[in-house]
Amino acid sequence: MNLGKVVGTVVCSSKNDGISGARYLLIDKTNQRGEKKGDYLVALDLIGAGYNEMVLITEGSPSRETPLTVNKPFDALVVGIVDLIDENNKVIYRK
Amino acid sequence: MNLGKVVGTVVCSSKNDGISGARYLLIDKTNQRGEKKGDYLVALDLIGAGYNEMVLITEGSPSRETPLTVNKPFDALVVGIVDLIDENNKVIYRK
Amino acid sequence: MNLGKVVGTVVCSSKNDGISGARYLLIDKTNQRGEKKGDYLVALDLIGAGYNEMVLITEGSPSRETPLTVNKPFDALVVGIVDLIDENNKVIYRK
Amino acid sequence: MNLGKVVGTVVCSSKNDGISGARYLLIDKTNQRGEKKGDYLVALDLIGAGYNEMVLITEGSPSRETPLTVNKPFDALVVGIVDLIDENNKVIYRK
Amino acid sequence: MNLGKVVGTVVCSSKNDGISGARYLLIDKTNQRGEKKGDYLVALDLIGAGYNEMVLITEGSPSRETPLTVNKPFDALVVGIVDLIDENNKVIYRK
């Protein structure tokens, strides 16, 4: 999984995603300290991640593996909101 | 998912895709403001995206997850036409 | 999907691919105008693409989605022979 | 599969992963001699890999192929703890 | 599929791969002429590829599509030992 921060939203009208109420977030990928990389992707959010929160993102086929996304054409999903990251036994990110 | 703009079409005769009437679009990937990157891919379109429209693209295995593409050998699909993108609470793209 | 030109063939003896008569093509990826990039891959061909023809290639899991490749360990497949590509309403490649 | 070393952990509260007790490790990818690349990812660990251990990581859809991760939205999994690597008939890494 | 040469082996003790007797090879990717790129990966081998042999490698989800690897967490598999490659009608690699 990769890390990123929520920086915005993407609104689509004509859709072919087979899901109603899908919320697409604009995510800027971050390193493990939460610093943005300027590397953007669009991910489906089903857990209500808020603006500027750091999230854990699953990409590719496993994105479909939640009750709501089974057999749906999504390739990026927010799977968790990050609370804390430690590296070399030091806390390097805290929500 | 990634963002891109429709810049053209690709026509194939001999095909092995198991679908009739498939429409292949030439897509130039864009950043979140709709600026083209010169990074091209070919995606299947089933929703009628038009020339120069900004679209949301799913890549890889999830591209098969629509009624028409189930068990078909596509690895890129247009899943939505983008209406609006906001970043840091400002609208940065509007159709 | 990506674009490429057929530049050669790859012959394997000991195989673990569960398919007889598989033909592996050496493909050089191209841009949308058919110019080679020097970025090679090996793809399975089931439609008889010829030397120097421009083809449409599906990569990853969807490569298995044809009657002959179902549940076979291929990650790249020729899905079509390209006849024509237009970009910005101009024909930029013709077979 | 790729190689990496365990450098930390990632803790999430709100989750959409359908698994309780999942342990997310912060992994720094390494070359075959165990030298870190500064290329980080977050992987699920079910075998108890410890701090600074070199591990083998599966990415993408196959990460779901263990009894605990079947049909779960993970795209990276620790599949083994590396004991020894040889290259050109010389041992280049030993745990 | 990609090309590579067998340069070593990787031995793991604690494993979560659900397969006994799996043999992990250290592979250095090569170009079509068999020249090493210094780009390493670890692949499962079930056909007995030997040291310095050039092999064809499938990556990602299709790696599971052999009788022994069905529903196992592997993302790279040796699918063939390369005998011969021709490019532009000249033999550029022979075992």
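By letter and in written order, the chains are A, B, C, D and E; residue numbering begins at 1 in each of them.
Rule of thumb we're sticking to: a residue touches a chain if its C-beta (ideal position, glycine included) is under 8 Å from a C-beta of that chain, and two chains touch if they have at least 3 such contacts.
Given the structure is predicted, the values throughout are model-derived calculations rather than measurements.
Touch-path distance (fewest steps) from subunit B to subunit D is 2.
Shared contact partners of subunit C and subunit D, listed by label: E. Because subunit B and subunit C carry the same sequence, their contact can be compared by residue number, and under half of the numbers here are used by both. Per-chain Cα centroids separate subunit B from subunit E by 33 Å. Distance between chain centres (mean CA atoms), subunit D to subunit E: 20 Å.
In subunit A, the residues that touch at least two other chains are 60-61, 63-64.
The touch graph of the protein chains shown is a ring with every node of degree two. Circular chain order, beginning with subunit D and continuing to subunit E, reads D, E, C, B, A (contacts as defined at the top).
Taken together, the subunit C residues at the contact with subunit E in this complex read 7-18, 24, 26, 40-44, 51, 60-61, 63-64, 71-76.
Against subunit D, in their complex, subunit A makes its touches with residues 1-3, 31-32, 46-49, 56, 58-66, 69, 77-89, 92.
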